[in-house]
Structures are given as structure tokens and as C-alpha cells.
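Below, chain A partners chain B and then partners chain C, in two separate complexes.
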Partner chain A sequence: MTYRSFLIYEFLVLWRRKQDVFNALLFFIIVVILFPLGVSAEPAFLAQAASGIIWCGVVLSILISIDHMFKEDYQDGSLEQWIVSGLSLPLLMLLKVMANWVVIILPLLIMMPLLSEMLFMPNTSFWALVLTLLVGTPGLFLIGVMGAALTVSVRQGTMLVMLLILPLYLPVLIFATSAVQAAQSGLPYSGFLAMLLALSLMSLVVSPFMTAMAIKASVSG
Partner chain B sequence: MSWLWFHKLGSPKWFFFWSKSWALPVFCIGCFGLVVGLVWGLAFAPEDYQQGNSFRIIYIHVPVAMLAQSCYLAMGVAGLIFLVWQMKIAPMFIKAIAPIGAVMALMAMVSGAIWGKPTWGTWWVWDARLTSVLVLFLLFMGVIALQNALEDITLANKAAAIMSVVGLINLPIIKYSVVLWNTLHQGPTFTITKKPEMPAEMWLPLLIAVVGLYCLVAGLLLWRIQSEIILREHRSNWVKQEVMGNGL
Partner chain C sequence: MQSSASLTISDLWIERGGNDLCKGLSFSIHPGEAWRVLGGNGTGKTSLLKVIAGISMPLEGEIFYLGQNVTSDRSPLQQEMVYLGHLMGVKSALTVEENLRWYCPERSLEELHNVAKDLGLFPFLASLVKTLSAGQQRRVALARLWLSKKTLWLLDEPFASLDVEGGVMLEVCIQQHLTSGGLVLLSTHQSLSSIIPHDVVLQP
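== the complex of A and B ==
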């Protein structure tokens, strides 16, 4: 096993289990639909709330998809293979997160123009939204993967992952929606983007090691 | 400086007998301090010129809020100690302190809400401090839930330690982000660098109540750790002798 073969394997697995990715995306769309139907379909309200709705949907669908990121690998023994492969486990975790991020976030970004139109989002803030998604979601994945690794041996771990990880998502959510709202009212938002980038970079420093530690503990246990 | 005391903490047996003699005195001092602070604060301290009598909830609110934060800090440090030095006491400490911290956070929110109703006119506002205490509560609950969900004890130890360290890293960020987001709460009552802005007869009982609650929680914590030690080490000989000799 090399890093390259690992990455290719990850993409292949994700490709062959397309339904999981589709589920996450469909879940995202459903969450976004709930708000206009449940709260108000007024264009004025939706334009205000669009960034928050989309970000909440993104957070939830990432959590849904991240929850079973390690489940299969845990059951079929891949985790042991990674540990004994002699490759650096934190780096492998990083590659896995990368593969998942690409597979989930790219389709999401492609859907974004459509959804922002449905939510009457002004054009001025659309690119801010795309930028916050690009800069902020790596952090979400990196934080979430720690929760997934910690709960890999729990049979019904979805709720637990939510409980563990959602509080840690709050800063990302706050900075992202602040950025979009700043853009909406014509203010500069590069500061918020910088904060998002800082959060993502910081989780890049902490998360792979913590994830690797959790994986090792789960396997030996 | 000798590091012997630190390494001794790694031994459950040593910790058990050490804490056995400390738990009760510390707890009693804590109870005494808390009662003195509360009675003094609630009955004898002067009224606030703006808030009237409703300010008196500070004597409950500030101690529990400080404890909630301190508990998380201590839990995170214990997690770090476990990850670095593999000390056996650390996960027991985490297990013992998490519910206490959760209760403290909850009490801080409840007492704050009771104070907020007459003062701000609402039970809850989406304010920085309130939100961060709520998040603190959720983080405590997360650690408790994680420990309960994992059946394997070594895994549960490690997972709780990782989670509390991650939470500790994140807590300042969460705090900063919600402060930036929205704040209405007044500034801190005690800071290390500045003299309190209240008169002494108002802050002195508060200080006594805070110190008292710290001691009380420390006593409770020692007891909880002791029972955790007995539970986890029940196979070892010294526990058998202890239980046979002195009872539970």
C-alpha cells in the first residue's frame, strides 16, 4: 500500500458507493426545502436567511455523510491494515478526508447556483457564499472526522457524533454566515474569510493526529 | 523541584489513600465557605443602587459559572495528561468531573435566566456568554455520552481524553466567535489584574462563596474519584483489604 494507492482506493470506494454521496446531497436539498415551507416563503425573508439555511444544511449533510466514513473500514478490517501498513496514519486520515471533501463538496457547489436562486439570494453575496463554503468546509470535515473516529465502534453512533461535533461547528457557522451577511450589506468580508481559513488550518494541525489516535484506540480495543 | 508528587498521582492506590484523608475536610470547608458567603451575600450585603435586590443572585450565579469553566479546563488538562503520560487517574478524573461540570453549567444558565427576567426582561437572549455556557454544557454532555456509549474501558478512557482536549482547544474559539457575534452580558466580575469595581462588603462574600464552592466541588470530586478507583481496581488486593477492613 502506498499513499497513492490509498487515495485511489478511497475514490474508488466512494465511486462504487455512489448512493451514500447521493443521500447526503438529497438530505441537503430536503433540509433547504424545509425552511421555506416551514418558516416562510417570502422572498424578503428567504434572501435574509439564505446563507444560514444553506450553511445549516451543509453542516447537517456533512455530519450525516461523515458518520459512516470509517464504519465499513472498521468492519472489514481495513483500519488494521492501515495501521500495520507502515504509512503515517495521520497522513492517511488526511487523504481520506480530502477524498470525501472533494466528493461531497464539489457536487454541492455545483448545486449552489440553483439553490441560491430558489432562496432568492442576491447576486452580490453568492460568491461570498461559495468562498465561505470553499474555505470553511475543510474545517468542518476535519473536525467531524475526529467524531467519526471516536465513535467508530459504537453501533448507532450518528446521534453521538452529532452531540460531540455540532458544538465544535458553531464558530465555523458563525463566521461563515457573518461573511455572507456582510457581503449582502455591501461590507468587506475578507476578515471573516480569514477567520474561516484560520479555523480550517488549525483543525488541519490538530485533527489528523487526534483522528489517528482515536482510530488506533478503537482498533486495539 | 521534585516531581515525585506528580508521578505518585499515577498510582490509584496512593491517590485513594491520599484523597481519603482530604475529601471530608475539604468538603466541610467548602460547605462552610459557601454557606457563609451565601448568607452574608443574600442577607447582609448592601443593595445594588441600580439593580436593587435582584443583583444578589450573583452570589450563586458567579460561583457556578466560574466552576463550570474551571471544570472544563481541569477536564481538558486531565485529558492532555492522559494522552501524554498515560496516567491511570486522569480518565477517572474526567469521568468524575464531567457530570459536576454539566450541573454547574446548567445551574449557571438557570440562575442567569432567573436574574435575566427582571433585569433584561427576558429569560433568554442569544448572547455571547449565555450561548457559550450552553455550548459548554453540550460539550460536557458529549463527553459523558461518549464515555457511556463505549463499552471497552481503555477505548472509553482514550476517547473521553481526546474529546476533552479537542473541546479545550475549541472552547476559546467558540467563546471568541460568539462574543464577536453578539454580546449583551456585563463584563466579568472578577479579573486577576484589576481591583473589583464593587465595594468590599459586596465582593468579599462573593469571593468567599466562590472559594467555598471550589472547595466543595474538590471534595465531591475526590469522593467520586475514590468510588471510581474502587470500581475499576476491584480485582486488586489492596481494594479487597480496604473494603473488608473498613467497609465501603
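== the complex of A and C ==
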């Protein structure tokens, strides 16, 4: 096994299990569609709430997709093979996060113009939203993957993953929505973006190693 | 500790769930040798193989590979090792061919097809692994052994799910590997005294 073959076949496995990816995207779309119906469909209100609705949908979709990120690998013995492959386990974890990020977030970004139109989001804040998604979601994946690795051997660990991860998602959510709202008000939002970037970079440094340690602990029992 | 042996296990102490599985276990495997790990259920055969592979750590003891102490960092050993556990590490969402190419990308397509033919997998190369039987999935995992060209084979119950023909093929494969100077450590209840004269016996 090489890093290249690992990444290629990770994409291939995700493609073959596209139903899981599709479920996460569908969930996101349903959240965005149902919210205006349930609360208020008034354009001025939706424009104000759009960034919060979209970001909450993104966070929930990521939580859904992250929960079973390692389940199949644990059950079929792939995790053991990665550990004994002689390759760097933290780097393999990083590649796995990267593949999952591309597969989940890129379709979300592609759908974003349509969804932001649905929520009457002003053009001024649309690009701020895209930027926050690009900068903030890698952090969400990197944080989430640690929880998924910790609970991979736990049956019905979904609730546990959410309890572990959700508090760590709050700063990302707050900075991201604040950036979009600042852009909407015509204020500078680069400070919020810098904070999001800092959170993602901090996760990038810590997460692969923590995830690798959690995977080893889960597999060795 | 220096040794002429390729793999040396010295005073190994393994525990699982607070119970000692083996204490003070020592043995050496030389090039061209195969050792069988024997013992009843729950005596720690799988745990021993996992510890040597680097999946879990021993409480005490040392592991040497080519004279180098690899107890705290198994990377040098793992570069030369292939491990086949109870779980086969075969991706059910991929085809047989994709599984083999994923694991051994450096092997040519011709080599891959030849191994698939030897193992009776050639007609199933394009089939998704989840559509195969447990025995055929085990053959896919064994095909990786053939293709890996690694020196040390750690095999945990490799005959499980295999039919008679598959078992004979595996024995032939082990013999060929030993002839070429490879090392094999396997746990099995099968009698293989003709090719594996050495036993590590684990007591309950």
C-alpha cells in the first residue's frame, strides 16, 4: 500500500458508498428547506437568519457523515491493515479526512448559490459564506474525526460522538456566522476568517496524531 | 541484544483485560523457518500475533528484527511484514482486482492476474468482494500475501473458511515462501508438521 493508492481507493470506496454521502447532502437540503416553512418565510427575516440556517445544516450533515467514517474500516479489518502497513497512520488519517471533505463539502458548495437564493441571502454576504465554509469546514472534519476514532469500537456510539464533538464545534459555528453577518452589515470580516483559519490549522496540527492514537487504542482493545 | 535470527522475541509478557496471557515468552525465527503458535481458546494466540505486528503493545519484553530493537517502534518490522488476522482487511465495496491493486499498487497487472489464476479468483476479478463467499474473500486476502513479497508473514488462523483445495494452496505457498528465505509465524490448529516443525505453545 502507498499513500497514493490509499487516497485513490478511499475516493473509490466513497463513490461506491455514495448513498451515505447523498444522505448527508439530502439532510442538509431538508434542513434548509424546512426551516423557512417552520419559522417564517419572510425575505427580510430569512436573509438575516440565512448564515445560521446554512451553517447549522452543514454542522449536522458533517456530524452524520463523520459518525460512520471508520465503522466499516473497523468491521472489515482495514484499520488493522493501516496500522501494520508501515505507513504513517497520522498521514493516512489526514488523507482520509481530505477525501471525505472533498466528497461532502464540494457538492455543498456547488449547491450553495441556489440555497442562498432560496434564503434571500444578499450577494454581499454570499462570498463571505463561501469563504467561511472553505476555511471552517476542514476544522469541523478534523475535530469530528477524533471523536469518530475514539468511539469506533463502541456500539451505538452516535450519541457519544455528538456529545464529544458538538462543544468543540461551537467556536467554529460562532465565528463563521459572525463573519457572514458582519459582511451582511458591510463590516470587515477578515478577523473572523482569521480565527476560523486558526482553528482549522490548530486542528490540522493536533487531529491526525490524536486520531491515529485513538484508532490504535480502539483496535488494540 | 544481538542475534543472527531475523525475528527474536525476548521475555515477552502480554496481558488482556487484566489477565496474563503469556509471561517470559522467548523464541527466535531464522530465515526459512516457520513457527506455529499453539494453544487452547483464550490462551493468547491472536494477542501474541497482534503484539508482534504492532497492533497492541506488550507489558514487558522486547522484539528484535534483524538485530534491531523494534519494541517501541515497529516501523522497520512492518516494512517487511504482512499480517493476516481474523478480519481480512478486504474492502467489500471494491472489486477483487481493485482490492489487490489497492494493497499492492507496485505489482504489474500481469503478476496480479497470474496470482488470481493460481487462487481460482480470475473469473471473479471484476466482482465486488461483498458478492463473494467467506472462503473466496479469504482467498483474496491470501492473494495479497502472494503479491506483497514481504519477508515475514504473520497469519492468524489462515486456514479458516478455506476449502481443502484452498488449504493445500496455502501450504504450497508457505513452502515456497520458506524456500525463498521468508519467515512465517502462524496460529492454527491444523497439523502442519511436515512444513512447520517448530511450535510456540501457550499455556492457559
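Quick note on the criterion: the second predicted complex is superposed on the first by the 221 of 221 C-alpha atoms of A that agree within 3 Å, B and C clash if a C-alpha of one lies under 4 Å from a C-alpha of the other, contacts with A are read in each partner's own complex, and residues count from 1 in each chain.
By definition in this document, contacts are C-beta pairs under 8 Å (C-beta built on N, C-alpha and C of every residue); 3 or more make two chains touch, one makes a residue touch a chain.
Quick caveat: nothing in here was measured; it's all calculated off a predicted structure.
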item	value
Chain B versus chain C as contact partner of A:N123, first or second or both or neither	neither
Partner chain in contact with A:I174 - chain B first, chain C second, else both or neither	first
Partner chain in contact with A:L166 - chain B first, chain C second, else both or neither	first
Touching partner for A:Q19 - first (chain B), second (chain C), both, neither	neither
Partner chain(s) touched by A:T2 [first = chain B, second = chain C, both, neither]	second
Contacts of A:L199 with chain B and chain C, given as first, second, both or neither	first
Shared chain A surface residues [contacts with chain B and with chain C]	220-221
Residues of chain A touching chain C in the complex	1-2, 4-6, 8-9, 12-13, 16-17, 72, 75-78, 80-81, 83-86, 216, 219-221
Residue ranges of chain B in contact with chain A within the complex	83, 131, 135, 138-139, 141-142, 145-146, 149-150, 152, 154-155, 158-159, 162-163, 165-167, 169-170, 173-174, 176-178, 180-181
Chain A-facing residues of chain C, complex	16, 50, 53-57, 74-75, 78-79, 81-83, 85-94, 98, 101-106, 128
Contacting residues of chain A [partner chain B, same complex]	146, 150-151, 153-154, 157, 160, 163-164, 166-168, 170-171, 174-175, 178, 195, 199, 202, 206, 210, 213-214, 217-218, 220-221
